[in-house]
Amino acid sequence: MSQSTQLTDTGQLKHFLSIDGLSKALLTEILDTAESFIEVGERKIRKVPLLRGKTVVNLFFEASTRTRSTFELAAKRLSADVLNLNISTSATSKGESLSDTLLNLEAMASDMFIVRHSQSGAPHFIAESVTPGVGIINAGDGWHAHPTQAMLDMLTIRQNKGTFDGLRVAIIGDIMHSRVARSQIQALNTLGASEVRIIAPSTLLPPEVESLGVNVYHQLHSGLNDIDVVIMLRLQRERMQGALLPSEQEYFQQYGLTQEALANAKPDAIVMHPGPINRGVEIESAVADGTQSVILDQVTNGIAVRMAVMSMAMSGQTQERNALTQGA
Amino acid sequence: MSQSTQLTDTGQLKHFLSIDGLSKALLTEILDTAESFIEVGERKIRKVPLLRGKTVVNLFFEASTRTRSTFELAAKRLSADVLNLNISTSATSKGESLSDTLLNLEAMASDMFIVRHSQSGAPHFIAESVTPGVGIINAGDGWHAHPTQAMLDMLTIRQNKGTFDGLRVAIIGDIMHSRVARSQIQALNTLGASEVRIIAPSTLLPPEVESLGVNVYHQLHSGLNDIDVVIMLRLQRERMQGALLPSEQEYFQQYGLTQEALANAKPDAIVMHPGPINRGVEIESAVADGTQSVILDQVTNGIAVRMAVMSMAMSGQTQERNALTQGA
Amino acid sequence: MSQSTQLTDTGQLKHFLSIDGLSKALLTEILDTAESFIEVGERKIRKVPLLRGKTVVNLFFEASTRTRSTFELAAKRLSADVLNLNISTSATSKGESLSDTLLNLEAMASDMFIVRHSQSGAPHFIAESVTPGVGIINAGDGWHAHPTQAMLDMLTIRQNKGTFDGLRVAIIGDIMHSRVARSQIQALNTLGASEVRIIAPSTLLPPEVESLGVNVYHQLHSGLNDIDVVIMLRLQRERMQGALLPSEQEYFQQYGLTQEALANAKPDAIVMHPGPINRGVEIESAVADGTQSVILDQVTNGIAVRMAVMSMAMSGQTQERNALTQGA
């Protein structure tokens, strides 16, 4: 999978499934394109006609109003028509297989699927099993990847720090179950950050975590030393029921980002969080709402990044189709 | 709240939260603007480009297909993009606070929220807690207000009676639990109706009802004497379970609008109802479908009035933003 | 009902409720119009402005994501605004009657209702009870009719066979409960097929089935002799619980379309299925995915046929309204 699945023969994006296998140049192109769409969001007329007449299908096998809404807004700002399909309540419940559902959607002449699925790898499977001409954007699959979230985080870092060179970034929380963390680590390493640190209890680390290219810390205060960017993960409260974590109070005491803890990072460190925030669980309100927080910039950047990957992948699809037509 | 929250410094509408505090001139401007949109609904092409490129979010914390649909239609006729969010099933269920949800929505660069909430005052809270640039339209909050419903009723009255001067209007039913009645009474008194009468059993009257500027009647027949406009309220059957009302039959006998009862009003009196109608409970079919009924005109006017307040509030937001930019 | 309800005085389509009563010329016009929209689906910009400024309401009293999606896509490709209403969860649950709901929708100045209902005849009732100017498209009513499904099947047959003259068509499965089969039989007979065969166990045949203009077979192999077009029906697994059918295994053994069974039809026979497919129940995967299968063409044709009937009915409505205006 990876490079050959996501890219055209000439190296353009045609799906957006994973950060894995994408070059620094391509990630930078995504950020530059997104930057140009930020300006669109500030205009009086917020639409550009790049996807006019195209149909984008939100194919959510796992409910997520927030992510679905940002993709819907992004698609509409590109002038696409949007179809929302909550697949769990649809044809699959009539006993139809996933690939039959997809073939049907494709026969409806849709141009792009935004796929969210609880199974790792589902968007790759879809990208490989649908015919040419339909771009697939991964909107989160299992514990595997959430590449648009990672790229909106990268855009937010670049806006605030100018460059990734020399940056030390700490990711704090439940790394094991986080598709966001996996994508962030790959993006930061590809874009040239000096160091990616993971700060978490050992029960929330994936096996062989160092192989991801990170340094592991178990103490919040020492882990934040010299840090330029603090990325908090959302604590999945469901996991509390299991034996992985003792209690919310205890977690907050050890890993909750307070102003006191943040004082260990560089004075101009920025604080990020993918939302929704559990105030008082993984982050203190004074920090979430403080001057170092760029959490709401992340949301704004989310629309721009999604516009960027959608328009780039659509352009890659078109290019490939034209190449096929000429080759035939 | 009221005037300072809803209006710009130069007295233009920038939110539409409540009739309370709005001048006769402003209410008349809403009616005149709505009148001009009636014509749009009759055109072959029903769209006007006033909100092109703007994003309107239907933020419904309380389900209402009917109200949501009319706002969605109104927004689309103004060429806006519409995002429907049923918040009860969304992020708040993940433990996110209302103000965090709103900050996120606002960071998505939405231009207007249509808010329905079971708590009185929620739209005011939202209008005061979101940053400049996002207009809030109250689509019904608790027992407090439903100002677009009141204004579509006013438009229907003006279309049929020409003026409010000298008009005697009766509102019949469960006043205590009715946000519609509160908004109607304020609008009628502001627009200069001669008399607003309330006809209801004492168990369905709010405390200190006379302070609202109404005359109270407990008998339907005597209450309808000399009346020009009869406004029925919808009986919430849920309330029957409590001790507030004896039975549907008994209620209909005392307060149900029959042709016989209607004969006590002026011969050219019009009959209104916000829908959905409980036939045989608060109104007889012969009246609901009779020549004096203007119930379906109310629905048509609902689209036009919602187009009016949305376009006026958007224009107020733009004006305020321009003023801020020049002042900065 | 039938002709007088569906057609204008000059014989143009103004609703699309049933194949029954429509002429060969009109069905051919639908197919020709759909053919022209196939080309739209293949364009870079897939939209045509035929329904610009019009509001199409998906009025689904019975959930069906698949059918709703194809109508939504078709309407958007015609540039209409689409409002999705799931009526089961809406006003009717507040005790409002169907006709009150419809009057309200009509007062919202909608132009077309796409109606799906579990009661046979509901779309006819709606067509007859709403005022002029609102076109009704039947998207499936009870066991009665599913005329757009039948027409997309006819388009698929014509694309593959060129003509209906001399064609022998077999419809296989649960005829009794199938609104699709009823509409297909009427369309095939009207368009001039040589023979329509029904292949089913006697427990799944409607009473007086021969009066529909079909030949009945109970054996799959002999029934497929000399057949040009094989139309499979979807087996409703719910019916298995009753005494109508012994078991899935037994049904598949007798009526499941295998490659071996298909060998009894003509060598160039095509295989159709409305979807979703129950693989291994009514059809073998080797056949569903084989070279004779045109199942995915049916989906593509579904969009085009729905665009055709929507644009034709809208044009009929406009013509009738103009005639009324001039006559008045």
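Things to note:
Each chain carries a letter (A, B and C) given by its place in the written order, and its residues are counted from 1.
By definition in this document, a residue touches a chain if its C-beta (ideal position, glycine included) is under 8 Å from a C-beta of that chain, and two chains touch if they have at least 3 such contacts.
Here the structure is a predicted model, which means the values were calculated and not measured.
Superposition of chain A on chain B using C-alpha atoms only gives a rotation of 120 degrees, nearest 5. Where the sister copies chain A and chain C meet, the same residue numbers recur on both sides for under half of the interface positions.
With centres defined as mean CA coordinates, chain C is found 41 Å away from chain A. Of all residues in chain C, none touches 2 or more other chains.
Put simply, chain A touches chain B in their complex at residues 41-47, 63, 65-66, 69-70, 72-73, 76-77, 237, 275-279, 296-300, 302-303. The residues of chain A lying in touch with chain C in their complex are 52-55, 81, 83, 85-86, 89-91, 94-97, 100-101, 103-104, 106-110, 318.
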